[in-house]
Structure formats: C-alpha cells, structure tokens
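The following pair of complexes shares a single chain, chain A, combined with chain B in the former and chain C in the latter.
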Partner chain A sequence: MTHSVSLKMTIAALALSVAAGEAMADKASGTLYAGFTKELENVDSYFNSSREGVVMQRAIWDGLIYRDPITNEYKGNLAESWTWVDDTTLEFKLRQGITFHNGEPFNADDVVYTVNFVADESNGVKTQRNVNWMKSAEKIDDYTVRIYLKEKFPAAIEFLSGPVSIYPNEYYAEVGPSGMGLKPVGTGPYKAVEVVPGQHFVLEKNENYHDSPKGQPSIEKVDIRTIPDVNTQIAELFSGSLDLIWQVPADQAQKLEQMGQFTVANESTMRVGYISMDAAGRSSMDPNPFTDVRVRKAVNYAIDRQAIVDNLLKGKSILVNTPCFPSQFGCVQDVTVYDYNPEKAKALLAEAGYPDGFETDLYAYRNRDYAEAVISFLGEVGIKVNLKYMQYSAIRELNMKGEVPFNFSTWGSYSINDASAMVSQFFKLGSLDDARDEGVAADLATADTSTDPATRIEYYTKALQRITDQAYWVPLFSYNTNYVFKTDVDYTPTPDEVLRFTTMSWK
Partner chain B sequence: MFQFILKRLGLAILVAFTVSFISFSLLFLAGDPAAALAGETASGEDIEALRHLYGFDRPMMVQYGDWLFSALRGDFGESYYFKLPVAGLIFDRLSITMTLGVCGIAFALLTAVPLGVAAAIRPNSLIDRIALFLSVAGQALPSFWFGLILVVVFSIKLGWLPPSGTATWRHFIMPTIVLGYYAMPAIMRLTRAGMLEVLSSDYIRTARAKGAPEMRVMFKHALRNAIIPVVSLAAVQMGFMLGGSIVVESIFALHGAGYLAWESIGRNDLPTVQALILIFAMFYIVFTFLADVLNAWLDPRMRSS
Partner chain C sequence: MSDAMTDPLLAEIVGPTPGQLLRRRIFGHQGLLIGGTVVALLVLVAIFAPLLAPHDPYAQSLMARMKPPVFLGGTWEHPLGTDHLGRDYLSRLIYGARVSLMIGLVAAVISGLIGSVMGICAGYFGGKVDAVVTFLINVRLAMPVVLVALAVVAILGGSLTVMVSVLGLLLWDRFAVVLRASTRQVREREYVAAAKSIGASTPRILLAEILPNIVNNLIVVVTLEMAHAILLEAALSFLGLGVQPPTPSWGLMVSEGKNMMLFEPWLVMIPGTVLFVLVLGINLMGDGLRDVAAPENRS
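Up next, the complex of A and B:
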C-alpha cells in the first residue's frame, strides 16, 4: 500500500519536473537504450525462463521456423521448407549461405547438435516442456535434417517457431551454456557484443543478416540496462538516458501518456489470470464447499471481472472465459460464460447449503490489488476470504501437494499459440490439476496428440465446455503490457509480449 | 591482548557457524528450490527430476554437511539461478556494496560527529535545533522516498548527477548520501549525548582550570572519551550498511550484494543466500572486533579488561 502511494507521489513529482532534461540517448547517438526490470540468469535461452530471456533469444538467435506475430502464419527461417514424413518425423530443407556471428557456417550439423543437446534431459534445459517432445535429430545431408518426436505432437511447429533456436555446434560444444551465456553466438538479427551479467547487454546490428522473415534490423546498437525499480526507470527516461521501457504499471503509464512527452503503447499479452478451486477435494478444508458445482458457479457469478479490468488492469486487457488464451489454436470460445450476477451467486450458495456463505483462504503471488478486489466481491455474497500472499514457488509447491483450496494465479503459456500450452497443463490429472476430471483429461489427451486439426478442435471444444459447465476455474482476464518510449522511436508492439528490436527504427 | 584476540576469534567462528546453521535450516523449511529452479512453465515431473538431480530429496543434515565441507575449502558451490560459481558472483558485487558502505559510513561520520559536537557545545542553540531537525528527518524519511526525491531534484530537474548505475564515481554520490543519511541521526545523537556528559565531568573542569586551550579540551579530552560508544555504534551501522543497502541498491540500480541477497531469497537460490548470510555475518563480526580494538586504543582502561 505505502509502496503504491509512493509510486503515485513520485509520478506527481516527476510530472512537476518535466521542464528539464537534456537528451543523451537519442537518434543522433545511433544507440537505443532500453531498461529491463529483471536480471537475466543466463542469456543462453535454454537456461533461463524469463520474459527478458525470450526477448534476447529472438534478437540473437533464429529458429528453423518463424511465426508472424500479426498473421500467425508459419514461415521458414533457418529452414526453407518442412514436411511431415510421418506423425513423429519432421524433415527440414535448410537455407544455405548463412553464417553465425562468429563466422561458423550454418548447416545440418548445427541443427543436429542443438536438438540432441537440448533433448537430452541430463543437460538440464530449464523449461523441459519446450524441448522434451523431441527425441533426436539426424543429418540426411549438409542441408537436410530430420527431427524425431517422442510421440505425436501437433504443436511441434509452434514450438519450433518459438523457444527452439539453433546454436553453432562447434562453439557450443566448446563453451557450453555458461560460455554461451557470457558470449552468445547465433545467427540472429543482432549480435551480442557485451554481456555484463546483472548490469547490461549491448547488441549490435548483424550486417550480414540473412533474408529472414524477421526483417532486417535498422537500429545500429541496443544497450539494455537492468534497473529493478520502475521509478528509477522512469527517472532515466526523463533524464534522457533511456529511450524505451516496458512492463510499466497501468497507473504510471496513464500519467506518462497524459504528459505527452513519450509514446505510450499498450498491447495485450497471452497471460491469463484465473482462480482455481479445489473441486476434487484434495485439500484439508472440511467441509469443502468447492466440491459442490453450485458453489463454484456462485464464485464465478460473484466476481465483477469487467470492473477489475476497467479499474485496475486497463489497457488492452480482455475478459477471458476459458482456461486458455482466445488466440491459441483450439481455445474455442463456445463455452459457458458467467456474467456478474451477485443475486444469482447468493441464490446458488443458499441452494448449496451456505445461505450465510463460508470462510476460506485465497492464495495469491502477484497483483495484490486484483486479489483484494476479488476478495471484496466475494465478501458481498457472504464468502469471507483471507488472503495468503506468498512467493510463487511456495504456492506452487503447496498446490502440487493439493493443499491450496482457492488460488489466484496466472499463466503466460510461454507465448505458445496453442491451447495445449495452457489447458493441458492444468487439466490432465497432473499434480496441479485441482479438478481431476477424467473425462476432461481423456478429451485433452486426444486433442493434444491428434494431427488432424478438426479432431483437435472437436476435443478441445468438449473439454473446454465441460470445464466451464463444471466451473472448475474462474477464468478472469488477460494481462497487458505498457511500452513507453521516446517519440523519435518508431515501434508497434505485438500481442505476444516479445520486444522486437528488429522492428524498431528511428523516426 | 593476544589472548583477548584469540578468545574473540573463537567466539566469532562459533557465531558464524551458528548463523550458517540457522539460516540453512530456515531456508530448508522456507521453500522448494526445485520449483523455483524449474520456472513457471515446468510440470510436476520436471520439478521432481530437478529435485533429484540437485539432491534436494536428501535429509537436511546431509545437505548442510555437504555445504559446510565445501564452504570450509572456499567453495560455495554454484548458484542455482545463474549457474555460475557463487564465490565469483558475490565477489563482483561485493566491491560495489563495499564502496557504497565505506562511502556511506564516511559520509555519516563526517557530518554526524561535527554536528553532534557543535550541538553539545551549545545545547539548545540554533545549531542544536538544526541538528535535531536533521536527525528527526533522517529517522523519518524512508530511504526509497528520499532517494527518489534526490533523483528528481539532481538528475531530472538540475541534470547534475546520473540517476542510476555504477559507471563513474558520480553515480555513487546520491546512493552515498541516502545510505549515510540513514545512519547519521543515531551517530549524531550519541555524539551529542556523550559530549554533553563528558563536558560536565570533573576532569574537563580540571583541564579548563589548568588553562588548556578550548580546542584541546574539546578534541583531546572530551571527544576522545565521548567517541567510544560512537565507534561501537558505527561498526554495527557499517555492518548494517553492507548487508542492508538493499533498498538503496535497488533504487539506484547498483546491483550490489544486498540486492543480490534480496533477489536470491525470492529465487530460492540457496547457495547464494547461504554464502551471503555467512559473509554479512562475518562483516558484523569483523567490524565489532575492529571496534573493540579501536576502543582499546582510545581508552587504555579497556586494554586490561
């Protein structure tokens, strides 16, 4: 609370001092200075799991395939073309004449080495889900390569266009992940020329960048500094030593926009906020009201999601009615929707035997203000909720043991545009599955592994309809991100929450 | 004196050992490093695999013994988060924190002691009032707020100082003031109180009576005695600054050891947190020890005890 008050006061103070501020970082210097909030553990994209890591990955490396963030169309990047040999074998024709930043030529050996390295669990790739569907890779000739899957996995193309980037085999074999983290080498539009862990990264335009669907980089140099405090980032922006910041909280972005000195762009992200309920009765809560579908529906009816979006999230956030993001393949929207209706909620609670409501704990790890809004809405229908605000990993651990009755959480799907990246993560009887609905799990298993898109849609529809009918979750809303940059920077953010330096230019 | 030092050293080792054991047990209870390591997109099986890979499924005493054995040989292990040796990681950042800590305590002492002395010489005068105001303000201003005000005034309005970073000495000016200002009030009040007490004592009256110059009375006779508790306090403050400059480091994007500790706790990065706790504890121990030696030098009576 005091923190958010202080943020507002700072903004007010900053607003008063707009007058001054000479520009140091600008078009004339040719270098774009950007600020990151979080420190990256390792620039090697297989060994970090943060958003900032994805940004660096897209700048320094390339994947075999590229997905256009606007049209969602798949295009060849390092690969010229690809075909499914059978359900579990993909064959790629590689583009010729590409070299890595260190001069190493790109060919089939690089793909084979990278895939075999990351697919081997003992090498400890941080986000196993990104790579553990691949079994191995095999070189057919210098520019033809096959990737073998462990089992049928229709989202393979999506993953290959996202987190799977190709590393130079000779260099990677020599330096390993820690060397790659300090001196990254890829084929991407930007070369990493300086990495000072925890402080800053300097990227330089790759003059020899191949004819990639990512487009040619325009900005000469990008210097990214890690500045943990948002207020300090804004101060740097005002003092002229930063050109671009992102992930700016809504209230601050709004004030910055009103000043008219900077461009403030807002874009939706794939991150979905939701509340899960212990429908399977795994927790020690006794009696457990959440095992009753009427109570779960009442909770859905009781929360005015639109009010939370309008007043707290703002920007391009939308209401989400499914346990997946609407743009994801298979995330059909033909489901049961619960509009805000506190009277109906009270009636359902009374019917379920809780005319005076009940008491429970809500676990939450971020956005305390959103959680508190939810709690006050529930309070109005008689459900008394205590907030347990904890670290993400601590809640996750409890949740895996089935000890979290009521959980406000979020999921970003790692920007993978396929419903399997979200709904299948939570409803396939895994340790985080609080519904434990075998029918849903079976439908999802079919949908996840079928190679026929129509079959996938059919089974995702079944699963999502059942989940929403049973009100296992309260899907809430999507998150948005605010990008604030100097007016001489030209940039249009994309809805996948990836900052792309390649598409930035000076006006 | 030698025996005294030996005794103190033995005690210091015991304290360090206890601190490391308690912090290890607390961290062990606090969370699951495997879940933090795996990141938010990991599945339950991923976490289970990591837990086994890193040996988190072994009993706590075994894990502690392992850590202690390596730590005694100077090997603090590898950070779970950065995948780099903890020793190197901390070494890089400690230089920033130490620079900041030394500058901060120097700033605090150089402003607080003269102000305290001046306030004691003329109690209830204007200078005493100013000193009182400064100390009340210093206690009341949260450092994140004070830091931001300095940034607004000196970086944005006047454009004299860079808002954040560590590139030049000018980057350290504002953090030093913020950190030092926080420690200043206590030192000043203690100097003032000590001086007032000493100044009303008999030997000062004697010194004045025998015609010693006022400056000599003040600094050779009075301050030397009044400063003894200040030395002890400054030592504790110094330890606090080195371990507790988290807020300042965060505001000014300094990336020092304090901020690393704070972040590492959130990440469940046990080896880093363990090593940092041990190092911070060692700071307290070393500074208290140095303060004792300095006090023994200032006050011969202490040498015999």
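Up next, the complex of A and C:
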C-alpha cells in the first residue's frame, strides 16, 4: 500500500517536472515521438558505429538487397535481381524509376560512385570490415552494375543487405560526409527533414517510396529525441510527451508491463555477452593462471549463466555456448558445454595449482550489475576479482596491446547473420585475439572464404569445437531489447535490434 | 571541597569546579549531545559490523533481488530489503559505515596534519614562511577538488587507498587558512610574550602555549573536513570513480539504486538518509565541541 503510494508520488513528481512545455504525443498529432538514450556519432551511416545510427540508416537509405527479418529471405530492393558472374563478381540489374529525396534519379552511377568511395580505405569508412571485401564497381549500362570482390566472400549478399547503402553520387560528391551528416539524402522510406545533433531528428514519410520489400511507411512523421537517462524517458512516457522508447532495462520494463498502460515487447538481439581470457599469456600478469586450460575451464564451470539470464537479463535472452549468435550461419551449437558446477571448478583450480584461488582484474564497459554477479560467482570458488570499469574504447585499446587479462564484453555483429561477423573477428590472430590458436585461425580462414555452404559449416564446426574444448572464452548469453510504447501504436519488433518505423502504424 | 558541597553559601562563593563546569557545558548543549550520540552510535556500528550484520554483505542471491524493506511490505529476513543482486541491504549499510567513517577519519587526519603544520608555522613565524604558505594555499584553492580527485582516480583507478590519499592530500586548505589566522591572533597574547621572556623554546611555545588555545578552531575544521570527505567519497563513488564494487559504500549504493529510482525509491532513500544523518551528526558534534572548548566560554 505505502509502496504503491510512494511510487505514484514519485511518478507524478517526475511527470510534472517534464510535462511543462512539451507537445503531447499521440495519434491525433500524426507524429510519433521516440526517445533514444545515445546520440548518433554521425548521421552519415558509413561514419557511424552506433546502434542508433543503424536505425537511421535503415530508415533513410536503401541497399541493393533486403533481408526479410522474419523469413531471412533475400529480396531485391534497389536491385531487381543479381547473379554471381564468377566467385568474385556480382552483377546487379537495378530497379528503374526511383528518385532520391532531393529529386536526383537513381541509376548505375550512384551504385558505382558509392561502392568505389567506401571501398577506398583512404576515405576512412568507420567499420572497414563492412566494406573492405569490395574491390570496386563498374557500370555496364544505366541499370546494370558489377561489383568486384577482393577475394571469395560468401557473406557478400548479407553485407549488401545490411550496412552497404547507396548514396546519390552528384549530391555526395558535392557535400561529402559532413554535408550528408547534416542533411542526409537517400531513397529510403523516410526523409530526414530536421537534424539537430545531440537534440533531435525529424523524419518525414517519403510519399514517393518505391515498391520496396521494406513496405510502405504509414506514420507521417517521426521525431526522435536524445534523452540519456532512462528514468527521464520513462517519466516522459508517463507524461505523454513520448510514444516509444526502447532498450529499456529488464527491471523497469517489467514494472511498466505490470502497470498495464503500455505495450511492452521483448525481442532477442544478436548481441552476445562473453568473457575473454588471456590464454596466450600476452598480459603482464605473472604467473598467468589463464594460460592453463584447467583454470579457463574452472572459470566456465564457476559462473551460473542460467541464473544471470533468468534474473538479470530476462526476456528472450538465451544461453550462448559459442563465440557467435546461434542464428548466424555457421554458428553450430554442437560443442563442449560447461554447466554450472562450482565443485568441479574448485577441483580444477586445485589441480592447476591454485587450491586457494588467485586474484585478477576484470575489465568491463557496460552492465556493471552483470559484471558484479560474475565476480560474486567467481568469488565463491576462490577467484578474487577486482572490477576495472572503463569506457569501451579505452578497454579496446588496452586489449589490442594485449594488456587485458580478463574481459567482460559484448559484440553485436552489426546484425550480420553470419558467424564470420563474430568468431572471425576475434580468433584470426588479429590484435584482439587472446587465444592466438593457429589451428583455429586456419579453419576460420577456410570457412570464411569458401563458397560451398557444407565446407563452411564443416570448418566453423571444427573451429568452434576447438575454441570450446580449450575454453578460450566464457560465452555467456545473448542480449534482448525491451520496446515500450503506447497502446495506440502498432508495432512488432524484429530479432535483429533494428527499430523499423516503416512497419509501425497507429491503431 | 566537601564543605563547599554542604554549605550552599560557601558553594556560591567558591563556585563550581572546572570538572562540573565542563560537564554542565557538555550536557547543556543539545546539538553536541545529539550529534555526539549519532556519531558514537555509527562508530559502534562500524566497529561491531561483523556482529551486527544479519547477512554477509557480499553474498548475492539472484533469486531474491530487490525485495522491499519491512516497512514497505517486506519480511524480517531482510529488514531493509535486498539490492539489485539480492544482497542484504541492511548488512551492506552496516559495512558501508566502515567505509564512510574510515575515509572521513583518515582523510581528516592526513589533511589535518598537513594543514595544521602549514597554518601554525605561517601564523607564528610570518614573513617569508607566511608568504610561501599563503601562495600554496592560493594554488590549492584554485584547484577544484572534485575535478582533481576525478582526474587522479581516472589515472590510478579507484580504490579505498587511492580515495583516502587523494582526499587527504587535497582537503588541507581550510586547516591552513583557519589555523594561520588564529595563530596570528594568539601569537600577540601576553602569555606568549611571557613564555618567550622566560626563555621557552619555539617548539615549546607552539605546543604548550599556541596549540591549546587554537584547538577549538582545529576541532571545528576537523569535523567539517570529515563530513566533507565522506560526502566527496559518496559523490565519487556515485559517479563510478570512487570505491569499486562490490565494496559496500553508501555512495555506490545510491548509484546502483538510481536506475530503479522511479519504481523502488527506497533503494536510494535508505543510503541517502543514513549519509545525511551521519554528516549532520558530525557537523552538530563539531559545532558543539567548538562551543564547549572555546576559551571565551570556559568561565
């Protein structure tokens, strides 16, 4: 009783504090107000690596190909059809009669310009892996284009349906990335009509949107504001100045669901949480217990991942046993699994010469509560862990120098549904590779470049089995995202962590 | 003496003994009594934490997360509920008293030693010593404490030792300023001149003549800085740059409860209230001690 009164009072006070001067968001206004926690790094999607940027990219631009997020079927978007001319050449027939938001007609020149621009490393596209598999593009005629690959790359179609969007050549040549960041122009279902970095973005329905597999936009206008604090977002949802928020932490989402005034939808994402260990002994830790496979196995046995998923992440999160997300092509789950067993962990530690455990630092950049839960589980088997909580970029830099012995991190694979987007990122002897296992790297190299699906599966299986046998990582769980929106909004989220305004409508 | 006790007339002429006077001043001062009791209680709690805490403050139970406290419908198993990892809130609060008091005390002692030596020397010797000390005080005052502490913690990493040393090395300015001024006043008094004229050495004058007469000011500054250090620790821990989890610190508890503030406000209110009570208690006590110890109030 007292509890619910105090809750209501807090809510009322918070709601009052934000209600003043805010437009009421609802169906009648025709505008959907959404809240994002993080700011975009850059609206130009090639110079952005944030999730919010991916959402904008899918709304403003189109790719040549589109992957249906439910059936995972590839459909032509800006391209009508495509064929592999040989192992490293793709030919596209383009759709005719499409215009960019500024009126510029879409044709082969736009594709050639965009591909040649992003494939050139000196132009500094932020995530090189998204584009550096392309060598160049060539115009065959006005509506036929060829893209040449540097080497065999079976995930090409997946990448073309994701991060590679087509820019208008004349406009981009004139304004460049900075101009595109301020006044973005694409062919997508929504036009950006107002961009105020750090404050808000206004998207407006593209009335002339082509017959795209993305579907036709229904909501007139979308106003996205950056509100860093989750409590403020929720208060604005109560006061009515926001219609939709997402990435709401599990506990808050549960409370909001209990209130019954909002739709709370939960969807899985491709983001995988994991702990990496300094198996190769690169860090200055001396002696380094993680070079011993028994210690790494003990760490795996010591953590009750199921309890963390059930009580902290909740929703559609699942246990993950490999360094990739199970829906990704090649991400087999037929591997060694370490179930929670603290007794076995203690026995393995004793066998490895650490009967009283040892002390180490755990680096983490997000979800301090998950990290604390892990630390507590490790404490129970005698491993004393100090938490080093830092910015992602700082840890990544230390990691590249091999100075991080023990790291709780996550990887979202840019929503690319192929195991190469995760396991190959970390186990191919690159600077982030803690295991430095040459056998694994060789298997991955074969799997990444083979065009035969059976061969790819075979080699990914080999690599993943070796990784789990050696317990190089503790793969933990997949993340989920909570979407909370007003009951007059109709929306079904997809499991790829992309907010699609095109599939939203008013009830 | 016994005559004085029995004979009211004599008692009036002789007056109360110094001990009686002191007792009367202490027990007649409400603020001192309240503040002293609060601080004494919390010190006892901190000392006997292992006996008082009903649970291990580090033992997590993910199945029993965010259970409400007894007065909001919880059970006596966890009188103040549990936190986001199912750890007993009361136990964490009790152990948190250790962290807060330890940081307050050690930081005040370190900064007190530095500041007092600088202030007394500057006030007593004057001249070049005074110029140097004043310059150092100005330099120190120009540095914002929180920013410097944040920078140091960011470079060295947050831990109890780092926090205590940083705060101890930063919070000496008020000691130096106050003690410099009061030493200058006392230096001109007759008893100092008298001590000088009978040939007392400088250290003797400083310790036996100056220090006892400025100690009342020192006490006030000690308590102020203790409270200041405790609040700074809480603020830095709240920002994630202070004491590192899973160490129970009140500031950290507020920070961890912040995300659920809208739905479970008690997660923030409980540690916040205790922090408020401790700081208020220390300030009341300091104020009271000053009143009791001030030379002008002694008779």
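To be clear about the criterion, the second predicted complex is superposed on the first by the 484 of 507 C-alpha atoms of A that agree within 3 Å, B and C clash if a C-alpha of one lies under 4 Å from a C-alpha of the other, contacts with A are read in each partner's own complex, and residues count from 1 in each chain.
In the analysis below, a contact is a pair of C-beta atoms (placed from the backbone, for glycine too) under 8 Å apart; a residue touches a chain by one contact, two chains touch by 3 or more.
Note that the structure is predicted; figures quoted are calculated from it, not measured.
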Discussion item. In the overlaid three-chain picture, which partner chain does A:173 touch, first (chain B) or second (chain C), both, or neither?
Written reply: neither
Discussion item. Taking the superposition on A as described, I'd like to know which of chain B and chain C A:140 touches: first, second, both or neither.
Written reply: neither
Discussion item. By the touch definition at the top of the document, which applies to A:198: first (chain B), second (chain C), both, or neither?
Written reply: first
Fill in: Residue contacts on chain A - larger count, chain B or chain C
B
Item to complete: Identify the partner contact of A:42: answer first if only chain B is touched, second if only chain C is, both if each is, neither if none is.
Response: first
Discussion item. For A:397, using the defined touch cut-off, is the partner it touches chain B, chain C, both, or neither? Pick first, second, both or neither.
Written reply: first
Worksheet item: Does the superposition put A:235 against chain B (first), chain C (second), both, or neither?
Response: both
Worksheet item: So, A:376: does it touch chain B (first), chain C (second), both, or neither?
Response: second
Worksheet item: Which chain A residues lie in the overlap of the chain B contact set and the chain C contact set?
Response: 6, 10, 14, 231, 235
Response to the item:
Within the complex, chain A is touched by chain C residues 58-60, 62-63, 65-66, 68, 71-73, 84-86, 157, 240, 244-246, 256, 258-263, 265-266
Response to the item:
The chain A residues in contact with chain B across the complex are 6, 9-10, 13-14, 17, 19-22, 39, 41-42, 47, 49-50, 121, 124, 126-130, 177-178, 181, 197-199, 225-229, 231-232, 235-236, 238-239, 241, 391-394, 396-397, 400, 411-412, 414, 425, 430-432
Item to complete: Spell out the part of chain B that touches chain A in their complex, as residue ranges.
Response: 30-32, 35-44, 46-47, 49-50, 53, 81-84, 93, 142, 144-145, 148-149, 151-152, 155-159, 162-166, 250-253, 255, 259-260, 263, 266, 268
Item to complete: Would you mind writing out the residues of chain A in touch with chain C in their complex?
Response: 1-3, 6-7, 10-11, 14, 230-231, 234-235, 249, 251-252, 255, 304, 307-308, 310-312, 368-369, 372-373, 375-376, 379, 386-389
